[in-house]
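What follows is a set of structures for review.
After this come two complexes, each holding subunit A, first together with subunit B and then together with subunit C.
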Partner chain A sequence: MIGRVPALAAALGVALAAAAAIFMLAPLAVVIASSVSASEFLVFPPRGFSLRWYQEILASSVYLRALGVSLTLAAVVTVISVALGAAAAIGLSRPGVRFAGALQGLFLSPLMLPTILLGIGLLMLASRYANGPSFAVMALGHVVVTLPYVVRTVSAVLARVDPSLEEAARVMGAPWWRRYWHVVLPQARPGLAAGAFFAFNVSFDEAVVALFLRAPGVETLPLLIYSKLEFSPDPSVAAAATLMIAMTVAVMIALDRVLGLDKVAA
Partner chain B sequence: MKRETALLLAPGVLVLTLGFVLPVLRVLTLAFDAKTGFGLDNFARFFADSFYPLVAWRTVRLSLVITLVTALFGAPLALVMARAPRWLRMALIVVVVLPLMTSVVVRTFGWLVILGRGGLLAQTLAYFDLAGRNFSLMHTETGVVLAMVQVLMPFVTLTVLSTLEKIDPRLEEAARVMGANFWTTLRHVVVPLAMPGLVAGSLLVFALSASSFVTPGLIGGVRLPVLGATIYQQVTGTLDWGFAAAQATLLLILALVVALPYAQGARRAGASR
Partner chain C sequence: MAQLRIDGLTKRFGAVTALDAVDLDIPDGAFVAMLGPSGCGKTTLLRCLAGLERPTSGTIRLGEADITTLPPERRGLGMMFQSYALFPHMRIRENLRFPLKMRGRGDAAAQDAKIDEALRAIRMEGMGDRYPREISGGQQQRVALARAIIADPPLLLLDEPLSNLDAQLRKQMQIELIELHRRIGLTTILVTHDQEEALSLADLVVLMNAGRIEQIGAPRDIYRKPATAFAAAFLGGANLLDVVVENGLARAGDGTALGPLAAPDGPRRLVLRQEALALRDAPRPGEATLAARIVAVAFNGATSRVVVEAAGQRLELTVPAAAIEGRAAGATAQLCFILADAPLV
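Up next, the complex of A and B:
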């Protein structure tokens, strides 16, 4: 047993926890509150209660198209990122990988290097060697940004599994596809699921790479909200932003189910 | 290395080369692109008058303040999370992770509503007679710092939390058994052992904050340009890519130059305790 925590420390801790909760959640709370305002303008506190702004965005072809682009992009990115990231994590978990440290660094480095560099670089390459930015280029950028999350979650899960199961399958003569389908992938499943949810969430929310690679017809929801914020936002932006928060909450609940939020966080 | 392992790694390496290594190299080479082939023209332009050096200075100054504030509040919060009862810990994880996973555009929008004229902050201050209703932190450095701290604090808190979880609890027990009180144990056992996490988290915050432009752009506006914002401006507005690439290169160098002494200093501070 560790000794008692003095009352002063406990009080400071509680105060800090309360202040952090208010500070961290306030920006989300005001967005949600503004979205149910009955007023024409973005005012706080909201005047009256109405769901008219939700009706508005759900009837607006601009918002619906952006939502469609964002969902398609996130789905495509998730599939590619999980496939590449899972394969890489399984490869990295094998013994005797040459340049293991460097490869690990390469797979995690998009998290460390400023995303703005990636955005400009992709734009410059796409303009030089392709016909400028497009859905495919944005998807490539998002795969790069999401890959580290998949590699990390799958690697963390694989570090705890028993490698002798796969060895047993190999020794008993299972062909490679049975070995992967019946042993390796089931073992990695919680990591695959968590990686997929992370990838989907990051791609759905991403704005930096998207701002540089914005192309006609590839306007995602974050891009639409950003351009509305640059001019004069009305409560419809708040409704769209609230839907994005709802999506994040759903992803968090899913992450908690498959891996435990505790493990995801630390 | 077995063929199977190489086959597993190859697709990822290929995509990262195409989508990450080549783009970053392209930025670096374009930065040194000059009329005469290879040259420092773009960098000379950066230092030609005081505008861009001042932008760079503001970027560094704001990033340092943001890094210090996030460390000052984020690290103790991690300590509270590590020691809190289970329900409180879970609640705090939600408090930290939910904003982290929410789009930065949405969070910045929230800060626009809070900081703007007649916003939540102005009304709260007016209620206590501390400021007029026209009070606004939009287009101020204070406003940018407030919003950026909220955006980046989770990175410090979660990195420190994962370091704290790895500390052997017997070390603290030993200190307490031998008569050290809570505060002494905190100072001489917990803080030094958590220092690597704090350093790593702070470096991440500094790099992220030096290169960010969505939040400083929308809250600071054109009157308070930071490097990220001028780069974005040059790439999408004036289409001056060589100059933008040079600024991005400087941003990278800046992050590294400030990061290295900071890391060493913090490590030394941790070791001397």
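Up next, the complex of A and C:
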């Protein structure tokens, strides 16, 4: 039979897939397991079973304030980068845009640049021209990091839209703003949703840029976890990280239910 | 009132000339088919009429108005796209409402009445709340057509409207298009590469080739009297037999005398339609004849297609299947036709 995979190759494939899965999931498993440890210190394998660290962080004003900062920051970053990224992607999808390829590359370049570079640069700019780092500066830094995700997801969705949809709207009498509102944006919706999801998630757990741009009173959850880990590593760190994982999974499931991940994972 | 006049219309894309100084007058109420091979400029011409392409030079007039540079959203035309371009995120009703809403025709109740009427006309009452992906290809085609005409445009543009349908549905839709045109008398311009579709639908066929109009005429005229070798070959796949005229006598390439022909001396080409050729043992009175050898026979049911070699050329003919029975590849016969009926190009 043509196309049959030899048994050895099939076994090898399964083994590789399993190894990759273990490699990707092992750290998560370690963190989740440590979070239910009854001990005073962050250890693996966990000793005993207890949910006390969850109780602790949910009652801790330090953790809750950091969570509040992170959620607010991620929300602000998501709104700004979806607005800017969608505009950029829609603009680049127009026929006859000059230097479209170069611009696309420019918009995606933060994906490839080391974020540490961005952190240093933004810190120097903020010190020179603003009053040093602040919530706004950190949001700006995160927008630079998250923008490529929105540009990428919206561009991918728009590339598959039949160009005659907009032409048809035009012939039927729609001026440009009504074409955008009634045709382009609804067609871009899966890309907008996926871009928003990525922007929110990336900002929510971004630590490098945040580390450089940390300002008094602007401590995000990843920063708090990091400093806890450095100075007093107890299982509350693992509990906080587990809640972050849970949140990401919940948003991902919601996105899949509403849109279908296959539609946006292009 | 809505006569369409096209003067010297030229469209260049870089070094490529897609339309080369096209002149065309289309009377009000006509059903015109722009016919030609891909890349002949027919689609560019349609897009210039819609306003989706800006011509390099030339003018387009609709009635009294010069619309050459008017943007498409202000032309008020109806257009149906090859892909139908139904909005996937809108229900059928909202698709039909779109042109009414964009052009501010009536309030919501008046629009609803118009939409209901359109749904009835395409026999899709009760399907208005479906999405385009939930209806069949033929239904999508009808919705697209209804959407193109619902706002009463002065001109309807159809870009290969039937090419996405299967053969049976296409035939049925052709009839519906003809009936629709007769009922509302809307000036209609159809772009197609399918010569049968052009001939059966239109009352005026514009044959295009390489950015120019090759020939304009009623379907019968353009089929029977092709003006050029291209027209003859493109319409009905006619054979072109090389002949030489000498003192009013036509001879085939191998020297066989075919008969008297009123044409100036010199090499000419005879247009021989497939159905104008017959294979017999001997010619009937008044027929010209050539000795032919059968190369291949393809049985098609009612008819057979036969390829023969005569006067050093390969010719194709379509004959009633019964007429070729008993003849097979390799056999010889007389290829007969009436010389006076064959146009010269």
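Throughout what follows, the second predicted complex is superposed on the first by the 246 of 266 C-alpha atoms of A that agree within 3 Å, B and C clash if a C-alpha of one lies under 4 Å from a C-alpha of the other, contacts with A are read in each partner's own complex, and residues count from 1 in each chain.
Methods note: contacts are C-beta pairs under 8 Å (C-beta built on N, C-alpha and C of every residue); 3 or more make two chains touch, one makes a residue touch a chain.
Only a predicted model underlies this, so the values are computations on that prediction, with no experimental measurement involved.
Because the two structures share subunit A, they can be overlaid on it, and in that overlay subunit B and subunit C fit beside each other without clashing. Residue contacts after overlaying the shared chain place A:42 against subunit B, while subunit C stays out of touching range.
After superposition on the shared chain, subunit A has more residues touched by B, the comparison being subunit B against subunit C. In the superposed model, A:175 lies in contact with subunit C only, and not with subunit B.
In the superposition on chain A, A:164 makes contact with subunit C only, while subunit B stays out of contact range. The superposition places the C-alpha centres of subunit B and subunit C at an angle of 100 degrees about the C-alpha centre of subunit A, rounded in steps of 10.
Residue contacts after overlaying the shared chain place A:107 against subunit B, while subunit C stays out of touching range. By the touch criterion defined above, A:188 lies against neither subunit B nor subunit C after alignment on the C-alpha atoms of chain A.
In the superposed model, A:218 makes contact with neither subunit B nor subunit C.
Overlay on chain A (Cα): least separation between subunit B and subunit C is 13 Å.
Of all residues in subunit C, only 50-52, 71-79, 81-83, 85, 87-89, 98-99, 102-103, 147, 151 touch subunit A in the complex they form.
Chain contact summary for the complex, subunit A toward subunit B: residues 1-6, 9, 13, 16-17, 20-21, 23-31, 34, 42-45, 80, 83-85, 87-88, 90-92, 94, 96-98, 103, 106-107, 109-110, 112-118, 120-125, 140-141, 143-144, 147, 151, 176, 201, 204-208, 211-212, 222, 225-226, 229-230, 233, 237-238, 241, 244-245, 248-249, 251-252, 261-262, 264-266. Chain contact summary for the complex, subunit B toward subunit A: residues 1-2, 4-9, 11-13, 15-16, 18-27, 30, 73, 76-77, 79-80, 83-84, 88-99, 101-114, 118-120, 123, 147, 150, 153-154, 158, 161-162, 165, 169, 172-173, 176, 181-183, 185, 204, 207-208, 210-211, 213-214, 218, 228, 231-232, 235-236, 241, 244-245, 248, 251-252, 255.
In the complex of the two chains, the subunit A residues touching subunit C come out as 162, 164-165, 167-175, 178, 182-183, 186-187, 189.
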